[in-house]
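In the two assemblies presented below, chain A is common to both, partnered first by chain B and then by chain C.
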Partner chain A sequence: MVDSSFFSGGGYAYPDFYAYPPYFTLQPVKETREKQMSCWRDLVVSFTRANRVFEFETKTFELFENKSINRSLNESARKAIVDDLCAHGLGETCEGSGGGTVRVLWRSLQEWQSCVLDWAHRTGRRGDVLTVEELCDSSEVAGEEFRGMPPSMMERILRTLEKQKKVMIFQGTDQDDLGVKFL
Partner chain B sequence: MRRRGIGMHGLKQKQTARSHYRQFGEQLAHERVAMMEDQLSKFRKVLEDFAFRHKEDIKRDPIFRKHFHEMCASIGVDPLASNKGMWSELLGFGDFYYELGVQAVEACMAHRPANGGLMEIDELVAQVNKRRGGKVDSVSKDDVVQSIKKLGKLGSGFRLLQIGKRTIVQSVPGELNRDHNMVLSQAESQGGWVRSADIERSLGFTQDRMQQALQALLNEGQAWVDDGHEDGERRYWFPYLRHVK
Partner chain C sequence: MAALVLDDLVLSASRRPELLESEIELCWVQSADLEFDKHKGETWRNGTLAVTSHRLLWLKPEHDADHQTTSSAPARDCSLPLSSIKGHRGVNSFFKKTPRVILSVWRSAEGRPACAEAAQAEELDEVSVALRGPSGSYDTMEKNLTLALSRQEWKRAPLRKTGLTVGETYALATERQRGATSSARVGASAAGIGGLVRKQREDNLRADKSIDGAFKDLAALMDKAREMVDLSAKLKEALRENAESADDTNDEDKGIEKFLLTLGITSVVTKTTAGSMFHQQLSQQLSDFLEEPLKKSSGALALVDVYCIFNRARGIELVSPEDLIEAAALFPKIGAGMRLRKFESGTLAIQSSEHSDEALYEKLEAMAQEGGKPVGIGPDDVAGGLDIPLILAREYLLMAEQDQVLCRDDGPDGLRFYRNFFRDLFEY
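Moving on, here comes the complex of A and B:
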């Protein structure tokens, strides 16, 4: 989930509020809660972007706990943050995860689509066939922003491109193995 | 006849004397006023000269500026009273405090959602200086206090409060009553937060009274709740005390 070669959690500069205990309790007053949610929203996006986190488990996401002040968001607070993230188009719950896994869109799906297409055109992949796995993580995509993306997320992006007739997806030899051809 | 003549004469004499006295009195008063005016204009000139001579110091040095303000205040001159006055022309003061006022308002507004419109003066000074950037000379607490006082006169809801040991800038209309003040002072004394038990024990509030005070502070966004402590007791935090250790 976290690309370790890019991981720089130690160097990440957390905002002030992250060390202030009440931000870890869902606030009962509406205006205050809105402020709280917007702080968390910004933090989740900036943290995941900085650390190249594409997906996280709501229940165990490291960001939702700050051991140095001994505070951890409870279940309803976590859910509120995730809901808020999704409502702002910055996240979506992963298919089949029962809402437990959240995909963070620190780049929008449209942006990812153009990233992938741009790479294919730039490196002359038209007509080539690759597996989704290769597209996510191989020497071919070293240094690309989408490198390390979970295959399920890549598939989501490719499915949209398929509808636009930009790629063709077909079943590979293995059950899970998907092939993609850039048109 | 003679007696009456003397009487008339005496009366006339008295009248003349009286009018002389009056004339003399008026003359004296006139002279005094003239003298005062003369002195005042001399004084004004001296003060102007002083201000002009030390213009750069007044502009640049916050401490010097503070002393200059104190001197002006003690003799009843307000260099900020008018934007059109000689002072603002001479020193560019009007602009300085106008600009500062705007920056103070902006800083307060930006932090209002997080602190409910209460901000410690030192924090505001830091925020204002941050906004001004490193290219201009930083402003002092006294400067910000001056600009807040000016803002208060506009009826804008900006005012300075003394809570506990701290000077707080309030940027939202609304009264903090005595109970609120006591709760905030209690929080200040124990590091920026309180539990119900602390208020009961230290302030002797009844449940109702405590709930009312805390709920009002919560509703205004001046208090935040924290249920995350391991002892399981709810804490109320007051963001303007965020930097209290």
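Moving on, here comes the complex of A and C:
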């Protein structure tokens, strides 16, 4: 899910405080913790946007561990950050993951909806039928922001669009294979 | 004839009387008036009276509201040596509301109380002490005054002589115990090196006993008080001489010195002597006592440590933790230069009034940086850096965390604290 180029030293510049050990300990004092949470919120959003991360596993998320200073967030701290993200509308736990997988909304769902619709209009897809898979990752969507999005997330976006009568979703031959038609 | 002129009484910072060498307090009573009977109209009202082994002490009320401006000699803290008292009689009748103890006092030509033996003491004057305090004050005072007068502590010459070694002081102390019966008898068993060693051992044993043992009652205490003061004074002196002669005073000496500082409150405040004024008196004694230890430990002491050193200094009549807390809580009331502090965790400490949290935080923040780089500090670093007990260091860190000066890192090295950079991030 994470662009591997990031780990080979590409691109993302961590803020200074990422190297401060207390950043990885859940602060017990309310005021300090609020500031800490705010820092984490900003970092998660900026990191995921920069690296085009759509989902992460709370338990294993790379960002939650800084090996260079030998610090890692503990379970309750991870949960606190995820809860805080969700509370601010910047994330949601994925259906059926038991809360373990988090969808980061560095763009809001509404923004993604218009993003997808915009692409369909721009490329004259009205009336065409595509699979969700194709919509997520194929040469058709090369260079689009939603490229690489997990199908489950795409489905979530399309379901909303379906309610707005913008698309129609139908079951394909395979159980996992969903088709979508832009209206 | 002019009024009797009583001696001034020197008080400590916390308004505890400065006692003479080996003088001990026997009791305290409140609401005592001094009436100089032969000079009508002269009454010093509502003071606090103490009977000690050597003197009567009278402290004027702290807030002297009904101060008599008409009086020729305004009330002041004063003392009357027991040696000048020829006799006393009590007036405690069912029909009179206020019991009195009337003292006949020898006076010199200048109008000062004089020792009975002094040749010029020919005149007698009378002072009555009116006891308006709680019932029982009269009995307490009468009893203790009689005891003190009968013992005539003041007649015993102070033991202390200059130039005695520690050993000699020990010997003197033990000599007194043995009394006349076992004077220096030289027998076969006492001869030779073996005899000397044995004698030394016996002496040591007795000295130990005199330190440990048998401060059973006030009368016995009076016997011991002088010896103990002498002993501790002597030890301190010897140590000081040592320190002067040797340029590099090693840590061990300092340790002993520190220990000795905590030795020896001659006249301990007890419930028996202070009665209803117990906590106030105890508070005063405690604040006087703690001045030195507080200085030595950077202005703060954990109450548990205070409890230990204070009780060690008392030696007998230990105070309970509850009484100690109550006494410490009275510091603001008696205007002591320290206060009781309760930390979030419930830990109690006594801090010098000069302590300020802001200054402390600055120090902590400075410690959490090394060459401009943030470093983590733990209780051990703070205890070492500020020279304070570990338990307080921990409290300070938690307090600083609470006030958003520091933040925690619960890493592999245990709990460390860093400068609160979160706060910095949001300051602009």
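Criterion: the second predicted complex is superposed on the first by the 175 of 183 C-alpha atoms of A that agree within 3 Å, B and C clash if a C-alpha of one lies under 4 Å from a C-alpha of the other, contacts with A are read in each partner's own complex, and residues count from 1 in each chain.
In this section, a contact is a pair of C-beta atoms (placed from the backbone, for glycine too) under 8 Å apart; a residue touches a chain by one contact, two chains touch by 3 or more.
Bear in mind the structure is a predicted one, so any value in this text is a computation, not a measurement.
Once chain A is used to superpose the two complexes, chain B occupies space that clashes with chain C. In the superposition on chain A, A:R71 contacts both chain B and chain C.
After overlaying the two complexes on the shared chain, residue contacts for A:G89 are found with neither chain B nor chain C.
Contacts of A:T32 after superposition on the shared chain: both chain B and chain C are touched. Once the two complexes are overlaid on chain A, the chain A residues touched by chain B in the first and by chain C in the second are 17, 20-22, 24-25, 27-29, 31-32, 35-36, 39, 70-71, 74.
On chain A, the positions that touch chain C within their shared complex are 17, 20-22, 24-25, 27-29, 31-32, 35-36, 38-39, 70-71, 74.
Put simply, chain C touches chain A in their complex at residues 374, 376, 401-402, 404, 407-412, 416-418, 420-423, 425-426. Per the touch definition, chain A reaches chain B in the complex via residues 16-17, 20-25, 27-29, 31-32, 34-36, 39, 70-72, 74. The residues of chain B lying in touch with chain A in their complex are 113-114, 116, 193, 218-219, 221, 224-230, 235, 237, 239, 242.
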